[in-house]
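Two complexes are shown next, each including subunit A; its partner changes from subunit B in the first to subunit C in the second.
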Partner chain A sequence: MSTFDASTLIYIIQIVIGGLLVGIGVHFVPVGGAPAAMAQATGVGTGTVQLATGSGLTGLISAGLMMSVTDNILLIVLSGAVGAMIMMDVTMIVGNWVYIYGVGVPPVAAKVDYDPITKDPQPPYIGPGTVGHGVPTVSYVSGTIGGLMGGAGGSLIYYALMNINGVSGLSAFFAIGIFVVNAVIASYNIQGTIEGFHDPKFKRIPRAVQACFIATLIIGIFAVLIHGGA
Partner chain B sequence: MDMVSMGLLAAMGALATIAGASEDLESDVGSQSNPNSQVQLAAQVGHTHRIYNKAISGEPPSNALYAALAAVTASVLMSDAYGMNAFFSIAVGSLVAAVFNGILSMTSYMGRNTSQARFNQYVYLDVLRSHTTTIMAHAYITAFCVVAISYIMTAPWLPIQHPFPLPVIAFTWGIALGAIGSSTGDVHYGAEREFQQYPFGAGLNAANSGDIVTKGEAGLRSSIDNAWFCAKFGGPVTGLAFGLIVFLDNWRTTIFDPATQGWYAIATGVLIVVLLNVYNRILEVRSKKRYGPYPEYAGDIKA
Partner chain C sequence: MSVAAGGGESKIDKTKLTMYGLGGGILGIYLAHVLNMITGTGYFSFLAGLGAIAAIVMGADAVRRVCAYGIGTGVPSIGMMAMGMGLVAAWFGLAVAGIAGPIIGIAIAMGFGYFVGMLANKIIKMNIPVMEEVLMSLGGAGAVVIIALSVVVSGQIGYEDMLNDVVLTGFIAVVFIAGALAILQPFNANLGPDETQDRTLVHAVSTGGLAMFAAGIGSLITVGVGGAVLTMLIAAAIWLKAFLWYFKLVKRDSAGVVGTGLLAEGGL
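Our next item is the complex of A and B:
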């Protein structure tokens, strides 16, 4: 049986911070769900949880490799963040290839008249009967930030669990579980589609922070107890 | 960095490219991902069809399942108890994954189409026979490639030495691969192939939802026709996406030893991310310049 000391508390705090990073990061990921797969909405044509989890877990693979050779928390977390950003960025680029060359639509945001970053006008490029398509610059940058936070959050959870039990397979699987719980909670909050940080739905973040905090705290306590006692 | 590591990295990139392409085509033949919403809607708005219909789950969980199944089987066969050679173990593991895929695909097709009987949607046994085997074949290739990548990353006699066990890493790559396939290649199927009767260069107008093409070049269109079309663009670019991710992510830790040059590996990754952001901006500007604003637009904002 494990003892509940100061370091246990630190691990729980790390797991909670990781979970919050994932929950907030998902809000940055531009996903249009099923409509985007028919070039009917701005964002990547898949589900929020799917894309965020795909990128976060790619980051987890990078973080796992880094943690096998170093104990430096910053290196491990950043390695995970960079891995997730690469996955997210390549996916969005290739998604844009398909929108531009395969479907023949330019990337455009529908929730704003002018792109907040480039100041480009958006409405003239929105196809009739659609609410935008593709991944415009503002959504792309937002997605990159989402990848960074998701990858960092997943890696931090993995780091905390690895310090408790030292078994990489078990820690990775628990980290995946905690990651997906937070991604799903955030996905409910944005109801499946969001264009990025310029989307009005982004303002709902405080609710997700509360929900993710409670969920991750409960899971974190159990995860530490289970892993400590294993 | 040594030559063996670089060679293995190249092999991983190539395997990932094949896995990406076959994953996307598997979901196109089966009509699995988001575009399937239109296939399900089609019968309800009066367009009965011969498109396969197997929305088993989102692509990431289903591919994670196949990859993990194949990897678990391969691990058991490779263990000391059985001592099978790695190549054959992965082949047998992938076969198990393909069989699972076939079972799920068939039950899914029959369940969904019988539930739409009130809209005159039939269960076509010839579609079931010809398509299920095609889907299983693609799933086999995908599972084989993903487990082979995972094996290269974990095998004790190879240089990478990733700490995750083979099934966990295969599961993780399976999720990533499904997410990529769902995000990239499927758009080609959903936005272009399903709605080819509408002019090129427009997303699906919400008013046309469910109006998918049901007639083929000769006779009725089947999902194998869809895979033929998507194999020209959607499939290969999905492969390129997964290949790039596996390659770029591992390349940074191959040229820079993570134990001694970890910061360089991270800086290289950040540089790649910055370049991709710049490239996306170039793509956006060029596409808007090439296509111009929509003629139907009647607002005040100038393009």
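Our next item is the complex of A and C:
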């Protein structure tokens, strides 16, 4: 068993911060769930966990790549964040192509009358019987922020664990384990769908912060005690 | 809360399923370890795979119980969470507790599950009465599946060897995702107002067979060709039997299965 000292405490704090970033980041990602898959709700048409895991894994890969050449925590976390942002952006833009050119609907947000970023009016473009469709500008920007936070959080967890056990496979999968627990708790908080930071559900963040904090702390304490062999 | 995703009544009691799942899982893991050690071969790894299937059935039943409440995030989320909790707890147990590792890991995973369920109800305010109990079962099932499939790959429980055989080879990815899919897929595929417990659970046996098969492929280079082929053959037989049984239940539960032929020209 690893010894429990001051540096272990710092790793636990890093893991908790990482978990919180993941939990908060999920609130930024425009997930529409099954309705969005039928272009009847704003967001990408899949579940939070799939989106968060997809971007989180990409973040881990880019963080791991950076970690193979440097120990600088800032560079590693930034690299993870950029990887996750790219993955999230690619997912959203390809989703938008499908919605715009395939389904034939304009990207539109249903929770606000004017897009907070472009100031374009939204209600005229909402298809009858739907609650928005596609990924409008505000959701796109929000999703990019979500990717940033998720990727940064995931790579922070990875960095902390990697310093403890030194086995990349173990660290990566523990990071994914802690990542999905936080992503799922956060997605329960938004009940599976959200348009982005302009959505009224976004105000529920404090609850997710509390829950993710406690959950990550407990799991993190166990995770830092796992050693990487002799 | 209303019953959103359907889910029929349970013919098999959850306590019984939990008992068989945990008991069968732990038994399979230890039998595989001990018999492999005594005989000095890898032929008994398949027993851990059978243990994994028992736990997968238990996990699939827990998924159907909680998802009947309509958790709003899709069925896969809860299966992934089960594996996330189970993974950390399972490897913690293996790392610190030696031969008692699996039992410690499973107990901790169930603790995680209860705790996260409590957070979901108390802080997130999901108000799903079965949440704590279901996440406890799911955490336990996740840990059993992770350990059991890892034992299939490595052939025994020793932490160092498992690290070399499962983690450093990258098979942990297969174990993680195949196990998660095996637990979440049965209810995800069968949900709806006409969902029946036996159909979902038989489907769980078939997905468990596939997960075991995947782990068997992994064990080709770790426990050797003999043991791996035996695991894969048994897994394939289980899958075939369960899938045919499942297909029979699908036909039983559907309103009618009729061949309509292709649509006529201009039929669309």
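The criterion applied here is as follows: the second predicted complex is superposed on the first by the 226 of 230 C-alpha atoms of A that agree within 3 Å, B and C clash if a C-alpha of one lies under 4 Å from a C-alpha of the other, contacts with A are read in each partner's own complex, and residues count from 1 in each chain.
Here is the rule we use: a contact is a pair of C-beta atoms (placed from the backbone, for glycine too) under 8 Å apart; a residue touches a chain by one contact, two chains touch by 3 or more.
Note that the coordinates shown come from a computational prediction; the quantities given were computed from them, not determined experimentally.
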{"item": "Partners on subunit A (subunit B, subunit C) - clash or fit", "value": "clash"}
{"item": "Subunit B versus subunit C as contact partner of A:Lys111, first or second or both or neither", "value": "neither"}
{"item": "First, second, both or neither for A:Val44, with subunit B first and subunit C second", "value": "first"}
{"item": "First (subunit B), second (subunit C), both or neither touched by A:His27", "value": "neither"}
{"item": "Which of subunit B and subunit C A:Val82 touches, first, second, both or neither", "value": "first"}
{"item": "Which superposed partner A:Arg207 touches (first subunit B, second subunit C, both, neither)", "value": "second"}
{"item": "First (subunit B), second (subunit C), both or neither touched by A:Phe179", "value": "second"}
{"item": "Contacts of A:Gly169 with subunit B and subunit C, given as first, second, both or neither", "value": "both"}
{"item": "First (subunit B), second (subunit C), both or neither touched by A:Ala223", "value": "second"}
{"item": "Which of subunit B and subunit C A:Ile100 touches, first, second, both or neither", "value": "first"}
{"item": "Common interface residues of subunit A - those touching subunit B in one complex and subunit C in the other", "value": "33-34, 47, 49-50, 53, 169, 173, 176"}
{"item": "Subunit A-facing residues of subunit B, complex", "value": "33-35, 37-38, 58-60, 160-165, 168-169, 171-173, 175-180, 182-188, 190-192, 194-195, 200-208, 233-234, 237-238, 240-241, 244-245, 248-249, 252-253, 258-259, 262-263, 265-266, 269-270, 272-273, 276-277, 279-281, 283-284, 287-288, 291, 293-294, 296-297, 299, 301-303"}
{"item": "Of subunit A, residues touching subunit B in the complex", "value": "33-40, 44-47, 49-51, 53-55, 57-58, 60-62, 64-70, 72, 75, 78-79, 82-83, 85-87, 89-108, 113-114, 118, 120-130, 133-137, 140-141, 144, 168-169, 172-173, 176"}
{"item": "Complex interface listing, subunit A residues touching subunit C", "value": "1, 33-34, 47-50, 53, 167, 169-170, 173-174, 176-181, 183-185, 187-189, 191-193, 207-208, 210-211, 214-215, 218-219, 222-223, 225-230"}
{"item": "Contact footprint of subunit A on subunit C as seen in their complex", "value": "71-74, 76-78, 80-81, 83-85, 87-89, 91-92, 95-96, 108, 112, 115-116, 119-120, 123-126, 159-160, 163-164, 167-168, 170, 172-173, 176"}
